[in-house]
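In the part that follows, the structures are each spelled out as C-alpha cells.
In what comes next, subunit A is part of two complexes: it sits with subunit B in the first one and with subunit C in the second one.
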Partner chain A sequence: MALLTAENIQVTFQTRDHAPSHALRGASLTIQAGEIIAILGESGSGKSTFAKVLAGARLGGAQCVGTLRFKGGQWGSVGSRSSADVGARGIAMIGQQASLVLNPFLRARTQLAEFVQAHGVTRQQIAGRVHELLEVVRLRPAERYAAKYPHQLSGGEKQRLSIAMALACGPEIVVCDEVTSSLDTVTEAEILELFSSLRAERRVSVLWITHNPLRVRNFADRVAVMYAGRFIEIGPTANVLDSPLHPYVAELMRCAKSGISVHEDRKGARLASIPGAAPDAFESFAGCSFAPRCAEKRDTCAQKAPENASTEGRGEVECVLYER
Partner chain B sequence: MSVEAAALALRVSNLNFQYKKRLTGKIAGIGAAAGLADISFEIRAGETLSIVGKSGSGKSTLVKCIVGLVRPDSGDIFIARMDYLHAAGPARKAIRRKVQAVFQDSASSLSPRMTVEEIISEPLAIHRVGNAQSRRERTRSVVDAVGLPYSFLTRRSAELSGGQRQRVAIARALSVEPELLILDEPLTALDLSIKAQLSNLLAELQEQFGVAYLHISHDLFGVAALSDRVAVMHGGRIVENADRTALFTNPVHLETRSLLAEML
Partner chain C sequence: MKYVFHRIAHTVVLLLAVSICSFLLLTLAPGKPFDEMRTNPRVSSATIAAERTRYGLDRPIVERYFYWAKGLLHGDAGFSFSYGMDVRSFIWAPTRNTLLLTITATILAWLISIPIGIWCATSNGAIDRVTGLATSLLVSLPEPFLALCLLYVALRLKYTPIGGMSSLDFDAFSIGGKVLDLMRHLFLPVLILVFAILPVLVRHIRASMLDVLRAPYIEAARLGGVRRMRVIWRLAAPAAANPIFPFVGFSIGYLLSVSLIVEVIMQWPGLGPLFLESIYSRDLFVVVDVVLLSTLFMVVGNLIADLLLYWNDPRIRLS
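Presenting the complex of A and B:
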C-alpha cells in the first residue's frame, strides 16, 4: 500500500527584489511502506524544498499547490496547519548538519529525553526509551554515550545522535536530507548500514536525499531523479543507474562513471560532462527543462513539456522519447 | 643547477612541521590535524601531482606551508627553482607571484561586492603587472580562457553560481602567469556535471599555458584524468607516490587501497 503520495507539488517563493523563485514545479512521488527511495539531484533542483513539504515544515510565505495523502487519507493542502500535524507525527526529518539540532550544553540523554517526553511517554519510561534509542543508532555502550556532550562526539556520532532524536517520535517515514554529505565515506557507509537495518527491523520508509549517484547502489530500492523542481525519472535503482531512460540521467551517469574509470592510460583524457547548467529557479520555460542541454532534443522539446510516461517494469520518465 | 632541476615547478624536501602544543589540544578536539613528517616530492614544469588523503591527513597543512601561511620547522621549498623559505622582501614577493591558489570555497575569499573584472585583475595590481590597459587586456584573455563571456566582467561574485565562481577563481589565479597552481579541492563542493566540466577545463588550461598543478583531493574521483603522478598522504606523511597508472593498477600502501576501495 502506498504510505505517502505527493501529487503535483508546486512551491513558489516570492522574493522581494527578484522574480518569483520556482523551487518545485510539479513534483509527484509515491512512497511505499518499508521502502528506501533515493532522491538524486544537483544543488538547487528542489530536493530540500520537497523534504520540507513532506515534513510539514513552514515554507515562509511560499505559495504552495498540490496534494499529500498519508495512508490513503487526504492530509490537506501543502503547507497547511493539518499537514504540519501529520508531518510532525508520521514523518521525521534529518538534515546535513547535526550541529543545528544538537544543544551543545546538554548531555546526550538530556537531549533525547526532551524529545521522548514530547511524544507521550511516562516519566518512568523515559530512561529506558533513551537507552533503547542509543542502542538503535549503535551508540554503544549506551550508558557511556548517554553522558556525553555533543563536543565529545565525532561527526558521525553526532549525526547518529540526531538520528536518534528523529526516531524518538516513532516515525513511519524518515526523510534524510544530505545527512552524510559532510562525512567521510567510511562513516557514510556506516550510516547507510544503520538505515538499512532500521528498515529491516522496524519497517520504516527512508527518503534518502543525495547528490551522489555512486553511493546509493546497494542501499535504495528505487531512485527518483529531480531536475528543475520535478521528478524526471523514477525507477528501480539498478535500472536508473545502469540503463537510465532520461537523457539527463544517462549523461549524469556517464559523468559519474568516467570519474571512477581509472584504466585509461593516456593523460589528458577528458571526463564525460554535460554542457551548460540546469535552469535556476527564477527561469520560466514552456517546454522540457533539460532541452537546452539535451543532445537528443526534438523540435518540439523547447515548446511542449513532456508527459509522464510509464515504461513496463522500468519506471516512469518525463521525456518525449518515451511518449506514446 | 642540473638540467633536470631546471625543469621543476616545485620541489619540497624533508619538510617537517608540528602544531604547537597549545594549539594541538584544540585542534585534536575538533578532529585531529596531523603535522607534517619528512615530506618530499617534486612537480615538473607543466605537470600535475595530485595529493590524496582523508581529512586530517595533513593536506591542508602542507598547502599552508607552500603558500606561506605556516612556517615549517625544517626542510626546503623551492618554487620555480627559487628558495622560498629563505627569501625575503622583493625576492619573496617575486616567488609568491609564481604560485597561485584556488580553494574549495572561493565564495568566501572573493568579496561579494567586487565585480568579476576587479576580482580577476586584483593580483595584477598587487604585483604591479603592466599598466591599466594591459591589465584590462590580460583580464579579458583569462576570462575567455576559462569559458566565461565578457558580459560576466561587470557581474558581482554574489550573482554567480558555484561553478562560475570557481571559473572566476581560476582566471584570477592565472592572470599573473604562475608556474604553479595549487588546486585545493576546487571541485569538491560542485555538482557532478559541473565538476566534470571544470576538471576538463583545468586539463585544457594546462595544455594551453603549461602551468604545473599541485592538486589536493580527499578522494580519488576524477583524479586519474588530471594527474601525471598521485601521492597519498596519511598521518602527516606521504605513504605512496607513484605514476598515475601504477597507483591505480598496482597500489602498494594500505591507505591507497582503502582510498581506491572507497571510490566504488
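Presenting the complex of A and C:
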C-alpha cells in the first residue's frame, strides 16, 4: 500500500500586482514506504511548493486544491490541515539553508530536546534520544556537538543538525528540498550516504528535490520530473536518466550529461539547448505546457492536454506520443 | 577585557564632559549664589564679598572646577551654600528615595509589559488592536498631564496618599506598618512612571516577538509539533529579547528623568525637588553632583543592558 498519495495538487498564489500565479497545476505522486524518490525540475517549476504542501508549511495565503492520503487515511483538501496535524503524522521537511532553521540562541542539545519532547518522550529519555540523533547524523562525538551553538558549526554540520531536528519528530517521510545545493561535493556525497543508510535502517521514505540529475543515479529508486507545476514523467531512476520518454526530459538529460546543463538568467536556471524558457507560473495553457518548445509536437498538442500514460515497467509519462 | 577597558574609558569621558558642561552652564547663567542676601538691607556688600571669598567664588572657573574634581576623588562632593553643609552629608537620603522610586517602577514596568507585549504578538485580532490603540494614546500624553490625571483620580478615590513619602505618624508604626505605609505612598508616583514607559516597552516587545515568530526556525518548530507555549517561551523568547535589551538601559534613564518631574509634583523627597531648589539658588555643587549621580545611574543601566545582551547571545559571548 502506498504510504502517501498526493492527488491533483493545485496551488495558486494570489499576488496583488500580477495575475494569479499557478505554482502547482495538478501534481500527483505516490510515495511507497522506505522509498527514495528524486524530484527533478528547473527553477520555478514548483518543486519547493510541492514540498511545502506535503510538509504542511504555510503557503502565505495561497489557494490549495487537491487531496493527500497518508497510509490510506484522507487528509482532505490540502489547505485545510493544521500544521500540528502534519508534525504528529510524520512528514518532516529539510530546506536548503540549514542555518535558517537553527535557533542561534540555543545549543544543539536544547533545540533537539524541544523537538524530541514534543513527541511523547519522557523526561529521562530526552538526553539519550538527543545523543542517539546526533549519532545518527554522524555528528560525532555527540557530547561535543550537543554543547555547540549553531554559529560554531560548519555548513555541512549545520545541515546535519537540521536533519537531526527533522528526524527528532520520528517522521516516516523526509522531504529534502535542495538540501545539498549550498554544500561542496564531498559533503553532499556524505549526506546522500546518510539518507541511504537512514532508509536502510529505519525504512524512512525520502523525497529528494534537486535540480542536478547527475547526483541521484545510485541514490534514488525512482525519479519524478516536474515541469510547470506537474509531474510529466515518473519512472525508475535508470530509465528516466538513460532512456527518458518525454521529449523535455530527454533534452534535460542530454544537457545535464554534456555539462551544458543550465545557465542562470533573470528567471533563474534554464536550459540552454531548448528554445524559449520554461513557462512561468503566470502563464496559462489549454494544451501541453511544453508544446511551445517541443521539437516533436503534434497539431493537437496546443489544444489538448496530454493524458497520463502508464508504460510497462518504465513508469508514467504525460505526452501524446505515449497515449494509446 | 578590551571591552571592559573601553567601557571604563567611555564612562570616565562621559562623566567629565557632563560635569564640565553643567559647571559651565550654571556659572555662566545669570545669577549667583548669595544673590538673595543682596536684597537683605541688613547684610552689607562687604559681608557678601567675604562670604564669596570664603567659598572660593572669586577664583577663576577653571580653578574652581579642578578644586571640586580633586575633592570628588577624595570623596568630597563639594559644599552647599544654601544648606551650609557638605553635599555628601545630605545627598544620600534623596538619592536613596529616587532610586527606590525609579527601580521599583522600572521592574514593575518590565514585569507588566513583557506578558502584555507577548500576548499582543501571539494573539491575533481584537486584543492586539485594543492594546495598540491604548499604547498610542498613552504615548502621546505628556507625563505631567498623566500625573495630574492620576492625581485627580487618586483625590477622588481617597485610597492612596497623594504626596510625600510617609505619613505624619510614620515613626510610631511597627516595621510591617512602615513598609505598608511606604508602599501606599509609593503607589501613585510608581503608577505614573509605569504608565509613562509602559507603551514604549509593550510596543517594542510586541514588534520584536512578531519578528521572531516569523523566523524559519520558529516555523520549523511549529511544524515539528513543539507546543505553542514552549515555542514562545523556550524558543522565541531568547531571540526576541536580544533587540529589547538596549531598552533596559533606556528605561532606567528615562524613568529617572521623568521621576525628577514626578517627584516635584508628588512631593517625593528625592533628587528632583533638591535639583530644582538648588538650581534656583544657584547652589553650584549640588546641581553638578545631582547631574553626575543621574549620569552614573544611566551608565549603570546601560551596563546592565550590555551584560544581559552578553549573557543572552552566544554569538557575542563565545566570539
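Going forward, the second predicted complex is superposed on the first by the 305 of 324 C-alpha atoms of A that agree within 3 Å, B and C clash if a C-alpha of one lies under 4 Å from a C-alpha of the other, contacts with A are read in each partner's own complex, and residues count from 1 in each chain.
By definition in this document, contacts are C-beta pairs under 8 Å (C-beta built on N, C-alpha and C of every residue); 3 or more make two chains touch, one makes a residue touch a chain.
Since the model is a prediction, treat every value here as computed from it, not as a measurement.
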A:P213 contacts which: subunit B (first), subunit C (second), both, neither?
-> first
Touching partner for A:H119 - first (subunit B), second (subunit C), both, neither | second
Mind working out whether A:N103 is in touch with subunit B, subunit C, both or neither, as first, second, both or neither?
-> second
Name the contact category of A:H151: first (subunit B only), second (subunit C only), both, or neither.
-> both
After superposition on the shared chain, which partner residues are touched by A:L252: those of subunit B (first), subunit C (second), both, or neither?
-> first
In the overlay, answer first, second, both or neither for which of subunit B and subunit C A:L3 touches.
-> neither
Partner chain in contact with A:A27 - subunit B first, subunit C second, else both or neither | neither
Residues on subunit A lying within both footprints (that of subunit B and that of subunit C) = 151
In their shared complex, at which residues does subunit A touch subunit C?
-> 55-58, 83-84, 86-88, 92-93, 95, 97, 100-107, 110-111, 114-115, 117-119, 149, 151-152, 165-166, 168-169
Provide the residue numbers of subunit C that touch subunit A in the complex, in ascending order.
-> 215-217, 219-227, 230, 234-235, 238-239, 242, 312-315, 318
Subunit A-touching residues of subunit B, taken from the complex the two chains share | 29, 31, 54-55, 161-163, 191-197, 199-200, 203, 207, 218-222, 224-225, 227-228, 244-245, 248-249, 262-264
Contacts from subunit A onto subunit B in the complex sit at residues 42-43, 151, 154-155, 184-186, 211-214, 251-252, 255-256, 258-265, 267-275, 277, 280
